Amino acid sequence: MNSQSGRLFLQIPGPANIPHRVLQAMESPLLNHRGAEFAEICKALLPKLKAVFQTEQGTPVIFPSSGSGAMESALVNTLSPGDGVLVFAIGNFSAMFGEISDHLGFSTKVVELPLGGGIPPERVFEELKADRAGKFKAIVAIHNETATGVTTDISAIRQAIDQAGHSGLFLVDTISGLGCMDFRFDEWGVDVAITGSQKGLLLPPGLGLVCLNEKALQAYRTASSPRHYFDWGAIIEYNRRGIFPYTPATQLLFGLDTALDMLLEEGLEKIFARHARAAEGVRRAVTAWGLKTVALTREVASNSLTAVRVPTKIDSDALIAYTEKHLNLALGNGLGELSGKAFRIGHLGVINDLEILATLGGVEMGLHRMGASLQLGSGVAACQEWFLGE
Amino acid sequence: MNSQSGRLFLQIPGPANIPHRVLQAMESPLLNHRGAEFAEICKALLPKLKAVFQTEQGTPVIFPSSGSGAMESALVNTLSPGDGVLVFAIGNFSAMFGEISDHLGFSTKVVELPLGGGIPPERVFEELKADRAGKFKAIVAIHNETATGVTTDISAIRQAIDQAGHSGLFLVDTISGLGCMDFRFDEWGVDVAITGSQKGLLLPPGLGLVCLNEKALQAYRTASSPRHYFDWGAIIEYNRRGIFPYTPATQLLFGLDTALDMLLEEGLEKIFARHARAAEGVRRAVTAWGLKTVALTREVASNSLTAVRVPTKIDSDALIAYTEKHLNLALGNGLGELSGKAFRIGHLGVINDLEILATLGGVEMGLHRMGASLQLGSGVAACQEWFLGE
Amino acid sequence: MNSQSGRLFLQIPGPANIPHRVLQAMESPLLNHRGAEFAEICKALLPKLKAVFQTEQGTPVIFPSSGSGAMESALVNTLSPGDGVLVFAIGNFSAMFGEISDHLGFSTKVVELPLGGGIPPERVFEELKADRAGKFKAIVAIHNETATGVTTDISAIRQAIDQAGHSGLFLVDTISGLGCMDFRFDEWGVDVAITGSQKGLLLPPGLGLVCLNEKALQAYRTASSPRHYFDWGAIIEYNRRGIFPYTPATQLLFGLDTALDMLLEEGLEKIFARHARAAEGVRRAVTAWGLKTVALTREVASNSLTAVRVPTKIDSDALIAYTEKHLNLALGNGLGELSGKAFRIGHLGVINDLEILATLGGVEMGLHRMGASLQLGSGVAACQEWFLGE
Amino acid sequence: MNSQSGRLFLQIPGPANIPHRVLQAMESPLLNHRGAEFAEICKALLPKLKAVFQTEQGTPVIFPSSGSGAMESALVNTLSPGDGVLVFAIGNFSAMFGEISDHLGFSTKVVELPLGGGIPPERVFEELKADRAGKFKAIVAIHNETATGVTTDISAIRQAIDQAGHSGLFLVDTISGLGCMDFRFDEWGVDVAITGSQKGLLLPPGLGLVCLNEKALQAYRTASSPRHYFDWGAIIEYNRRGIFPYTPATQLLFGLDTALDMLLEEGLEKIFARHARAAEGVRRAVTAWGLKTVALTREVASNSLTAVRVPTKIDSDALIAYTEKHLNLALGNGLGELSGKAFRIGHLGVINDLEILATLGGVEMGLHRMGASLQLGSGVAACQEWFLGE
């Protein structure tokens, strides 16, 4: 049976479907990236980016790169060889930050935490309290772990750092958080925030972005790690004139400019509420199916994506292969120890009720085909009830 | 709560969502419509169109027009002023053919038939048997009535004409049938078939098309109706050289060329089976909701669209307004005496299982909101079961 | 040598290159042509169209058709069978209006005038003065003859009609004039103006448009010509509610909406000045090559296109084939008795200085290759001088 | 007078105008970058890339980055901290490679050579002969210096290295060379070649690419420079399965796939001949204007771009600002000590004769406006003669 015609439901946890308006912006004719027209776009873009980071004091820096490039930039611009880095791992993507730090030669300690929970502030406090020598020059936390669908209370982590009286820089990966869930750069005392283009920023992959504050800039001035491509200094300086020290990925920047307009026009609060509503609908469907999310509690459950544990007799990879082949539905796979045991539903960006229902309907069909004992339509109905406010 | 972000579910009975490949073809750069490159496209396109009409003997003619323009062309090219035209009306669109005929000054008899049924061959036989004087020079039938979601057995109508020994031309409107449901120009003895670009041909509106046989061409030669724009002769002659006697709608023709490729690559049988499967899923949902289709029997129910009667206390226009505003779902309204009493779901073109589920899920939410006593998820579940083959 | 890579220079006298912004508008997702969103676009569009026709009293009507469809509509909506039509032919396109009138069964008199000149007002006066019986119900003139690159003074024709005291309707074909050269519907006393989408309106082919005044509407009410597709009444009535009585060519209407915005943002005066400047540059090049335009005088030379006579030993069709094959330059051919003897350069729409220079440079290369004794670069230089204001 | 309508002539030395076919590929819907469909594209793409590098033994690696990122990757993957790097600087871009090396902490020697010439093989020989201690682990040369429009004979540099018996890795920047001028990775003994997406590869900016041979891979295994983002190992390993260790810039990869198809369909030899022909046309125009190229001899003049020295009384930046503002023509500026003294014309990618003529016509107008004493049309005519083969 081939049901492959029609639209792809790309419900991986990013990249998500791109709004038509953003697609059109990216299709604008190429222009001279050192000319006056581009300079205007560039200058207008950075303040909008600040608004999305909810910062007045921060400085955004954009790289043609993946999100992992932005992570690398956060480390090499603020640290010197051998510096200590403390990473809290609650899933594959937070663990990856530890690997990057390790590869780049920093003295990295990864605190492995149980899957399904966020980063406990008390644990942060303990670790930092124990670091009397101030070995850790950077503390790395993830805002939203894309592997497990778990959110961490970044504000609480900041408080734990402060309570421990620790002076390390606070680096926060909000790749799948920014633009989907509340993220307050200034208020939460983040020193460097890291994100990518392909999640809440509504773009295809291709841009890595950071936002850094004055404290991070001071660290930059003394950090002696070798660096060039990801060096902040030249970019910040060139950006003042609306240019870049390298040939920028102009088409993605056109798209970013429009995506930021869309985010700010809709308003961050509305966007966060929209994501929360969609996520709750998905979680109610999971409950109706008699399944569990990887997220252990409702409090830590992400609003960008939901990782769902499959019944033990079912291979989640087989489920994913089935929906991709037969239903034109792309789901995220389980990573690391969740491989084969969980699948992930992305519900971020510009997604509406019917797209959620379609996704849930497709997951139901796939689970049923894999032999799960669930009632067809049950998850859809639970979500519909929620959407209807009943 | 605004759920208007994300993709529009355009589930009116055409225009339908355009496949990306067709969109890209229509975005090709303009070219000289009297140059060699365009002539090649034009010459390649017509044989493919014949394949979709399932004809070897027919000649297709394309107009920049709506489908009603193609209807007009069928009349003015084959008839002389005052000629009799017999039209069987089973809904608004078949009735419209009668109005066109009337407006153009032909002596038109419209046989009004009950809504929800097809055209009964025996009635055709009676009418023609009674026309001993051969007053009716043209007999007009609709293959698929878009107002009611009802299909007529065109082959049986042909047989009725033959049994009555009537020599009138057989004009068939297959605007919402061609490319969705089986339509056999040669085998069924159609003299002129009429269609438009925006249904099974996978394009935006803008082209009217006819296919005509030798008998229609003979009628053309003696038909004295005044005509220019819709005249077949010059177009057929110019087309041999790959050009048109007017400036053709080149971008739509590029799209048509690609759409025809897609139809022939998938294969007509598969396309018809795909539409039948989707339609049956929708009908099972309607039954699960405890509602009735406008089509009175399963046998005459259309595979392109389903017209659904709403409970008496509900206004179908309010339902449609609700889903359009709150769910980004566009449904077709009830026409004529079905106004306010029925809505129409289009399920034609390249549409997949999840798009059908999303549509049904949205209709359920809308009906529920309007106060219908149905179980949320029930229609979705009935459709899922059918799709899963259980 | 293949020089076919890169951009096509589509310098036929329309369709012309489409601005990116218009292309993007046409790529907007399909929507419900009976929904609220479309109604808004439709209602906003018509007043802008009026502004481009320079009318407050006129009513525009849009058809999915070619320009010839719009011509047909002007006749069938205002005339009754057998009515007299007076057509002034100064080239193939004005002559075609006569053929259409004839095909539609009107009593048509075509006044054949010499190629290269406009329509002399005195001749109009004579013809009408002689029509004491008021046989001619419509007088047809062309604003810009696309076959010869000649403009007629429409205001002077109106005066001639008035001086003759003739009450016939004044129908003006401004297909290649509107949006390129000054055209004043109200001030010039035009009763029905006819145009198409693919010239000054910056669109691909596919729309025919008319603008009609109160006098034309009065004629409509009594005109008994059979008509349906091109009937004005239903369209005007439906348009008040933002809909159409048929399925409109939505994508082209989106494009038209944007094109009208562009025209009105730039301002009609600037647009006319821009076309005049480009046309003069081309004419100076023609003079520098030692060639003649088909237009006999500077006064009647069109600002949309220039038809150029080639030296007698050269076949203009061979020239056109050469530039198309070897230079990616599409030129218009000579029509009718100019076949093989002239080529046409379109310089309408959004075209800039360098596109003009490229076109002239390509024509020079082609003429040189065909054996013309001209100096390479001479036409380009003459045009550059003009552009530089020297 | 505003002549800003119509098409932009983006004649900077890259990015260049993107072919429509490549644009369309980049507009393909997003897909799952870990799904089966993407894996196929990825696996098919790399062999095509090898063909364009003219290598059977090399391994291409693609980064979401600018070209400078690819330079960085060439260094950090093959060197250990403190290793010696020998860079030959013949302009700003070759000098930049030295800066990058320096920033990354390598012991960098930059041999500054006169502007306008290539890298003399004898100088390479001398430098390496003198390096008895084998201090230089990498020798960096540029294939085509984009700042001056000068090409170096890479094969001759390889011979000089071999004659000196030096074992350093040979890193070659062919950012503005590959896909425009002959570049033979295997035959010329290049160890790492570096390029970007936005020149001969016909894409927008956003991808950095390297090609590396077995010797470079061996160096990789022992090179101890800290690295993560630009590390080759994981990418090469993941690529075997058609995936990437990071979220790849999928849309650019779709475009790259199509661009490589276009290059291989046309054939590298034809592409190089086409660039040579265009470049010679531009150089003849420069001579006709009485000006000099920055390239000192015909032998070293680049076929991708031409840098032109302006008369001493003229400011090249004013010229560039004029053509950008008044002629919709973007030219490259003079860099470093050429600032204000030269401008650069890009003539790379898919560009045809008329686009070259338009560019030359615009430069002539700009130079004339700036007060240069040249004859309008003279450069165009010289180029036309060359194009016509006379």
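Order of writing sets the chain letters: A, B, C and D. Residues in each chain are counted from 1.
Assume contacts are C-beta pairs under 8 Å (C-beta built on N, C-alpha and C of every residue); 3 or more make two chains touch, one makes a residue touch a chain.
Only a predicted model underlies this, so the values are computations on that prediction, with no experimental measurement involved.
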item: Those chains which touch chain C and also touch chain A; value: B, D
item: Relative to chain C, chain with the most remote C-alpha centre; value: A
item: C-alpha-based rotation, chain B on chain C, 0 to 180 degrees, nearest 5; value: 180
item: Selected interface, A-D versus B-D, where C-beta contact pairs are more numerous; value: A-D
item: Copies chain B and chain A - interface residue numbers shared by over half, same or different; value: same
item: Centre-to-centre distance between chain D and chain A (centres being mean Cα positions), rounded to whole Å; value: 34
item: Centroid distance [mean C-alpha coordinates] between chain B and chain A, Å; value: 46
item: Geometric centre distance via CA averages, chain D-chain B, whole Å; value: 54
item: Residues of chain B engaged with two or more neighbouring chains; value: 7, 17, 27, 29
item: Partner chain A, residues of chain B touching it in the complex; value: 1-7, 9, 17, 19, 266, 270, 274, 326-329, 350-355, 357-359, 361-362, 364-365, 368-369, 375-378, 380-382, 384-385, 387-389
item: Chain D contact footprint on chain A (complex, rising order); value: 8, 10, 12, 14-18, 23, 26-27, 29-36, 63-69, 72, 81, 99-100, 103-105, 196, 198, 204-206, 208, 225-231, 246-252, 324, 330, 333
item: Chain B-facing residues of chain D, complex; value: 20, 24, 27-29
